[in-house]
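Next come two complexes, and both contain chain A; in the first it sits with chain B, in the second with chain C.
After this line comes the complex of A and B, so read on.
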C-alpha cells in the first residue's frame, strides 16, 4: 500500500515550549484520528503536515515529497484549520470560487466545483449568503467544503466537529466517510473520544507532543476504560436521577451541583452507565437539559496513561 | 472609508470652484489644482492609501487567521504576496486616478479648456501612480516583516518623508517624495499659496527619478516576496 503521510523524527518547539517531539509515523489511506487533550501537539503536527509551520528537526512527507514550500503537493492536499476564521464579507460560494481559482481552474470549472462542494456539505441553499450570517454548524461545513472542493487525495481536518450540534456533526461525519470510501487519506484531530469513535477505529494518542499509543479504538478504549470517566448531567430532577443511579455497581462517585441543578457521576464503565440512563429516560418522565463530559476528563486519562 | 477619503479632493474642488465662480477666488484652476496635488494627493492620499493597504496585506490575514486558506494552495508564497500587492495597487489606483481626473476637470473645465490639458492630468496621474506603487511596495515589505507594521509605516510616511525633503543636498534623495516632486519640475518654483512646501527641492533628472521609483518598487516587492516565502507566521490565540 502506498504510504500517504510520513513523519520522521518530527520535532517542533516554540521558544522554550515544546510543540511536538520526535514523532515517527506512517499514515495510510482511510481515516486516522489524532486524539489528545488541548495543547497536546495535534494542531502543531497538522500545521507541519500542511506546510504552515517548519519542523525544527525531522521532516514530514506526503506521498514521499517534502511539504514545506512544496506547492506541487498542495494540489493533493485539503486542509481544514481549527480556527473559526473566514473572509466574512464573501458569500459561501464566492469564498469557495476564490480559493478554487488558486488551483488554476477556469472560472466555469471553479464555479462548478464550488457548487459540487456546497452540495456535498448540504449548503447549496445558503451558498449566496455572506459567511458572516452563517451559524456555527454552517461555518464548520463551509470550512470543510473549501478543503474538499478540489478533490484532494489527503485531507487534514483539525477539530472538524468541535462545537457542533448533533445534526451538524452527523452531516460532517457523513461527508468524511464518503471521502474515505473514495480511497482518500483523512487525518482528523479531536480531544473528544466519542467524536472520534463515530469516525474511525484507527487512533493515534498524542500527549505533551509525543505519540503515546497507536492502535484501533478497542485497544485504546481498553486502556482508557481502566480510568474513571466523569459525566455531568443537568436536569431539573437531578436528585431523582442520582437516586435511580445510586445502586449501580459501576458507579464510583456522585457529586451534586444544586446551584446548577446538575449531578456529576464518576464511573469506570461508560457504556453500562449510558445504557442504564437510556432505560431510565424511556421508563420515567425524566427531563435532561444537558449531558457533558468535562474536557479535563481526557486530560486526566492521558495523565494516567503516561503514568503521572 | 478610503473611497470617501479619496473623494475629499473632489469635494474640495467643488467648493473652491463655487468660490471661484462667485469671484472670491482669483487664482487659476491650474494653480489651485497644483496646490491640491502637492499637498493632498502627493503628501497625504498616496501615502495613507498605500500605508493602510500595504501594511494590512499580511497582518490582516494573520489577525483574521485566514492565512492558512492561502498558504495551503498550490501557489507559491511569492505569488501570493505579489498577487495581493497587485490587487491592492489596482484598487488604490482606481481611487487615485479617478479622483485626480475629476478634481482636475472640476477646477479647469471652462471656455479655455483644451484637450491637450488632459495630457497634463495624465502626467500628474502617472507620477502619483509611480509614488503609490513605490510606497505600497515598501509598506508591503513592512507587512511581511513586522507583526505591527503600522507604527513604523506612519513614522516613515508622515515623519521621515515630510522632514527629509527640507534637507538640502543629497539627504533629501533618501525619500520617495523627492523623486515624485522631481517629476513635477514646473512646480518647484514658487507658485501658489503653499509654495513654501517645496522651495528647497533640488530635483533629480526625470529619467533617473522614474528609474529610481521603479527600482524602489521592485526591490521592496522582491524583499517582501522573499521574506514571505521563508518566514513562518504564527497566529496567536
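After this line comes the complex of A and C, so read on.
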C-alpha cells in the first residue's frame, strides 16, 4: 500500500518551548486519529503536515513528496483548522468559491464544487448568508466544507467535531467515513476519546510532543483501563452503597463526602465495577442521583501513561 | 424520470486549470469586500472629481477664445504642460482621497486575515507567500491605479484628442513615460504604505489610525524640524513633500524643495523595501499554536 503521510524525525520547538519531538510515523489511507490533551503537539504536527510550519529537524512527506515549500502537494490536501478562519463579511458560498479559485478552478467549476460541499455539510439553505451570522456548529461545518470541497486525497482535520450538535456530528462523521471509503487518507485530531471512537479504531496517542502509543482502539483502551479510575456516586444511601462494594477486590480506595451525600470509588477495573453496580441496583432498592468520573479526561490518562 | 442522487461524497473527475494567476482570486475577493463596505462606492466616485476638473481644464485650454471670461488672468492654469500633469499626480486632495479609500477598503487586507487567522487557510493551498502578498497588493494597486495612472493617461489622451494634432506629443515626447513612471511610483509607495499599516495590527481601527497617524505626523514633524533647522531637507520627513519632490524629478520640472529629487526617491524606495521586509516577516510569523 502506498504510504500517504510520512514523518521522519520530526521536531519543532518555539524558542525554549517544545512543540513536537522526534516524531517518526507512517500513515496509510484510512482514518487515523491523533489523540492527545491540549498542548500535546497535535496542532503543531498538523501545521507541519499542511506546510504552515517548518520543522526544525526532520521532514514530513505526503505521497513521497516533501511538504515544506512544495505548493504543488497542497492540491491534494484539505485542511480544517481548529480556529475559526473566515472572512466574516462574505457568505458561506462566496467564502468557499474564493478558496476554491485558489486551486485553479474556473468560476463555474468553483461554484459547482462550493454547492456540492455545502450540500455535504447540510448548509445549502444558509449558504447565501454572511458567515458572521452563523452559529458555532454552522461555522464548524463551513470549515469542514472548505477542507473537502476540492476533493482532496489527504484530509487533515483539527478537532473537526468540536462545537457540533449530535446531529451535525453524525453527519460529519458520515462524510469523513465516505472519504475513507473512497480510499482517502484522513488524519483527525481530538482530545475527546468517544468522538474518536466513533470515527476510527486507528489511534496515535501524542503527549508533550511525543508519540507515546500507537495502535487500534482496543490496545489504547487496554492501556487506559490500567489507569485507576475515580467514580463519584451521589446517593441518599451512599454509606450502604459503600458497604456493598467494599469487599470487591478491584476497588483500590473509597472516600466519603457526607456533605454531598456522595462516595468516591477508585478502581482499576471500571467494567467490573459497573457490572457490580448494576447488579446492586437491580437487587436492592438503592437510589442513585448522579454518577460522575472526576478524572475521566484524557489529561489524567496521559499523566498516568507517562508516569506522572 | 430523473434519478435521485444520494447526498454524500462524490468523486470529482474534472481537471485543474493550471493557471499562473493564483493571486487573482485574492485580489477579486479583496475588491469585492472593499466595494461592499459602507459608503465606499460613494467615496470612490467622489475621488474622481479632481480628474474631472482637470479634464474640464484641458477642454477649456483648447477653447480659450470661447471661455475668455473664465480664463482671463488665469492663463497659467490653462497651460497644459508637464507641470499640469505633475500637479494632478501631486494633489494633496488626491492623496487624502487615496488614504481615505484605503482606510475603508484596504485597512483590513492583512489585519483581518491575522484577526480571523485566515492566513492558515491560504497557505494550506497551492499558493506561495508571493502570490498571497501580490493578491493583497492587487487591491491597493487597483484603487491607486484607477485614481492616478488611468486618469493621468486619459487626461494625456484627452489633450491629444482635443488638440487634433500631434503637436503636443512632439512638444513633450517623453511626457507619457513620465506620467506612467510617476504613477507607478505612487502605486508602489501607497501599496507598501497601506500593506505595512495593515500588517502592524490585527485591528482594522488601529490600522486606520496608523495610516492617518503616520501621514499627518510626518507633516507635523516636517513643520517642527523646518522651524528649528530652517533647512529644505526638513521636507525629507514629510510623506507628501517626498512624493512631490520625486514627481518633479520624473517630470523634469523644478522641484518644490531646494534639494536633489533623488534623495526623496532613495528615501521612499528604502521605505518600500523595508515595508516589504516587515510585511513578509509578519506574514511568515503567523503561527497559531495550541
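Assume the second predicted complex is superposed on the first by the 239 of 308 C-alpha atoms of A that agree within 3 Å, B and C clash if a C-alpha of one lies under 4 Å from a C-alpha of the other, contacts with A are read in each partner's own complex, and residues count from 1 in each chain.
Here is the rule we go by: a residue touches a chain if its C-beta (ideal position, glycine included) is under 8 Å from a C-beta of that chain, and two chains touch if they have at least 3 such contacts.
Computed from a predicted model, the values in this text were never measured in an experiment.
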{"item": "Overlay on chain A: chain C relative to chain B, clash or fit", "value": "clash"}
{"item": "Touching partner for A:86 - first (chain B), second (chain C), both, neither", "value": "both"}
{"item": "Touching partner for A:248 - first (chain B), second (chain C), both, neither", "value": "neither"}
{"item": "Chain B versus chain C as contact partner of A:106, first or second or both or neither", "value": "second"}
{"item": "Contacts of A:6 with chain B and chain C, given as first, second, both or neither", "value": "neither"}
{"item": "Touching partner for A:175 - first (chain B), second (chain C), both, neither", "value": "second"}
{"item": "Selected from 6-14, 168-176 or 186-194: the stretch of chain C that, after superposition, runs into chain B", "value": "186-194"}
{"item": "Overlapping contact positions on chain A, where the chain C interface meets the chain B interface", "value": "14, 47, 50-53, 71-72, 74-75, 77, 79, 81, 83, 85-87, 99, 102-104, 146"}
{"item": "Residue ranges of chain A in contact with chain B within the complex", "value": "14, 47, 50-54, 69, 71-72, 74-75, 77, 79, 81, 83, 85-87, 99, 102-104, 146"}
{"item": "Chain C-facing residues of chain A, complex", "value": "14, 19, 38-39, 42-44, 47, 50-53, 71-72, 74-75, 77, 79, 81-90, 94, 98-99, 101-106, 109, 113, 116, 119-120, 146, 150-151, 156, 174-175, 178-179, 181-182"}
{"item": "Interfacial residue positions of chain C with respect to chain A in the complex", "value": "7-12, 14, 16-19, 22, 24-26, 28-29, 32-33, 36, 112, 116-128, 287-290"}
{"item": "Touch list for chain B against partner chain A, complex", "value": "64-77, 229-230, 232, 234-235"}
